[in-house]
Amino acid sequence: MSVARVTEISSTSEQSFEDAIRRGLERATKTLRGVTSAWIKEQRVALQDGKIKHYQVNMQVTFVLDE
Amino acid sequence: MSVARVTEISSTSEQSFEDAIRRGLERATKTLRGVTSAWIKEQRVALQDGKIKHYQVNMQVTFVLDE
Amino acid sequence: MSVARVTEISSTSEQSFEDAIRRGLERATKTLRGVTSAWIKEQRVALQDGKIKHYQVNMQVTFVLDE
Amino acid sequence: MSVARVTEISSTSEQSFEDAIRRGLERATKTLRGVTSAWIKEQRVALQDGKIKHYQVNMQVTFVLDE
Amino acid sequence: MSVARVTEISSTSEQSFEDAIRRGLERATKTLRGVTSAWIKEQRVALQDGKIKHYQVNMQVTFVLDE
Amino acid sequence: MSVARVTEISSTSEQSFEDAIRRGLERATKTLRGVTSAWIKEQRVALQDGKIKHYQVNMQVTFVLDE
Amino acid sequence: MSVARVTEISSTSEQSFEDAIRRGLERATKTLRGVTSAWIKEQRVALQDGKIKHYQVNMQVTFVLDE
Amino acid sequence: MSVARVTEISSTSEQSFEDAIRRGLERATKTLRGVTSAWIKEQRVALQDGKIKHYQVNMQVTFVLDE
Amino acid sequence: MSVARVTEISSTSEQSFEDAIRRGLERATKTLRGVTSAWIKEQRVALQDGKIKHYQVNMQVTFVLDE
Amino acid sequence: MSVARVTEISSTSEQSFEDAIRRGLERATKTLRGVTSAWIKEQRVALQDGKIKHYQVNMQVTFVLDE
Amino acid sequence: MSVARVTEISSTSEQSFEDAIRRGLERATKTLRGVTSAWIKEQRVALQDGKIKHYQVNMQVTFVLDE
Amino acid sequence: MSVARVTEISSTSEQSFEDAIRRGLERATKTLRGVTSAWIKEQRVALQDGKIKHYQVNMQVTFVLDE
């Protein structure tokens, strides 16, 4: 029996969606132990003056509380 | 690059949906810094004895962790 | 143990969405006893000649049958 | 027989969601003839320094091409 | 007027879905006061070597912050 | 050729989801003839003082009008 | 201001989906006055011994209560 | 590499859904070049005095901008 | 007790959606025994040079494995 | 790196939803090796003469092809 | 107060999804001023003779009309 | 007229989502002829000890049966 929590993280990167995912997960694993998975919920691009400003990813991050 | 969290808040008001939103966001901004947006996820009305008792709003609140 | 029914009501108002909700629930509570809640399912605006004609709300209304 | 188009409009107001709807529809009816309805697709609130900055509504606007 | 938070809990049991729900809620009520409801979002079964290993439930748990 | 209606029933039980389903369907079949199926739409748990108070099931019940 | 109800009808035909719609609406308008629209929610086909047995349509039927 | 746009068309016919689709696409292809597909998003029926008035189809129409 | 499988079939016809359904089901019943139902998941139209090329239907087909 | 397939199974039981799940998975693991999980997609109840006839579960079953 | 429009763009690339996004947004910003964001709605891959032919992205592009 | 089947494939890669897609499609085209497209249904990341373990993609793969 195990109990986990699921929380939503939104992160951005000027490089790519996968860089946004990596940075968001690096930040999440700094404060949360036991992160086991992330489900990509939304992908967006922000633009400014006709150029891509950043890639944004919203993800549902699961981390185990007790095992 | 920035990382934000998204959390769900449910709040009620005897006045209106927008009053419920304002009160929920006032409460959220008391304990969370960097709240940038709220997405209205659900709107409900509770009744008692044939009268509206309160308006309830569930919203997904985004607040920035690092910028 | 309790059993309730859920029925969909659509109501309109020339004033606002909340007025449409109030009028729809007043009508519903005239014929149904035990209405406990309404979930707002859809909000629409009808226009005519470039002006708002009415606000329309569809809501799922729950009323208790036995308690 | 009639043919209509549906287009998505996003509008904001510092006052309320209904003010955002009214302003978005005023803008839409300036350039589009035959607007008959708007379906509210999303409602968001933007915040800055812990205060509501504006209310944002995304709506699907239907306007008749031929009748 | 009241404000509540909604958080997602994922829990597993070797017995049944309802046992997974009970254990997840026991764990949640150990650290959260004012839990009022849980909405079952997803149900999964994990298998190993052709046998059911555990039942997993993801649920959205609401707990009151202020009343 | 046959025509049926679909109506939503919400029922609760202190025992389990399946007990809530059985009780809701017993109540439905007391007043409706020709019930052929129920689709489970939502499952919720209500809590009080950290304990499960009841299991709630919302279901779409189909009953035949003419055959 | 007007108030309407929305109810779900399921009907079948050995001919076609549109015949199922027509028959379901004929049946609905026999007992309900003020039917204004039907939204097609689901379309299914039932088969027996490798042949189409009937076409089934589920539709949300709106009928005006007060105008 | 190619870029296309997707726009929503709503059309009606007193005959059938497929006639509504044909008429909507005839109208769309009069003003848009390079229409490649249409995805049926919604089907509705409008009634008046207990009779079917028209069949309505909403469809997402894709047309190529550059190829 | 029975066990069935559900598989998705996509079929096209130059005639109509219902012809596409019939042809898809004829093909499915050639290789699968015990097909009991098909749920219409998506309907599309393909165009070429401003004319309808074919009607496409995606359907979830259920066939019984053991009874 | 691994590749898996996901297939939909529908199974019924006169006892309970969990018995339907167990029987469906027993049947699936007889012909498929490497079944790792099942996601519960739909739960239905069939009735006859006012009594529950069986519980039906539709589930998406994942089984590994290569690891 | 501001008003924006949201339009759907579909673009393809032989390289990758992000290349498809970049090319679609380059094309969109050639004719639309004030593009602020794009929400990724769908991602598809087209194949030919067992090889990936192109990556396709459908995105909802928002551009400001008045500010 | 053509008939196709749609099946769901889940594949993983330690590199990236697009590598997972490529590997899943390579595997699919080894046993299935006539694969024409894949729709990306879900994207997940698995983590272990605070590091990304693999990227997982679930996709709906369409392959033509008869043409």
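Think of it as A, B, C, D, E, F, G, H, I, J, K and L in the order they're written, each chain with its own count starting at 1.
The rule is short, and it goes like this: a contact is a pair of C-beta atoms (placed from the backbone, for glycine too) under 8 Å apart; a residue touches a chain by one contact, two chains touch by 3 or more.
Protein names from UniProt, one per chain: A, B, C, D, E, F, G, H, I, J, K, L = Dodecin family protein.
Keep in mind that this is a model prediction, so the values were computed, not measured.
Counted as hops between touching chains, the shortest connection from subunit B (Dodecin family protein) to subunit H (Dodecin family protein) is 2. Residue-number overlap of contact pairs with D-H passes half for only one option from C-F, E-F or G-H: C-F. Subunit I (Dodecin family protein) and subunit L (Dodecin family protein) have Cα centroids separated by 22 Å. For this pair, subunit A (Dodecin family protein) with subunit J (Dodecin family protein), the centres built from the Cα atoms lie 32 Å apart. Rounded to a whole number, the gap between the C-alpha centres of subunit E (Dodecin family protein) and subunit I (Dodecin family protein) is 38 angstrom.
Among all residues of subunit A (Dodecin family protein), those that touch two or more other chains are 7. Taken chain by chain, the contacts fit none of the simple shapes, being neither an open path, a ring, a star, nor a full set of pairwise contacts. Working note: touching chain pairs come out as A-B, A-E, A-K, A-L, B-C, B-D, B-E, C-D, C-F, C-G, D-H, D-K, E-F, E-J, F-G, F-J, G-H, G-I, H-I, H-K, I-J, I-L, J-L, K-L.
The touching residues of subunit L (Dodecin family protein), counted against subunit J (Dodecin family protein) in their complex, run 7-14, 20, 23-24, 27-28, 54, 58. Residue ranges of subunit H (Dodecin family protein) in contact with subunit I (Dodecin family protein), taken from their complex: 18, 21-22, 25, 29, 35-40, 59.
Within the complex formed with subunit E (Dodecin family protein), the subunit F (Dodecin family protein) residues making contact are 16-17, 42-48, 50, 52, 55.
Those residues of subunit G (Dodecin family protein) that touch subunit C (Dodecin family protein) in the complex are listed here as 1-7, 60, 62, 65-66.
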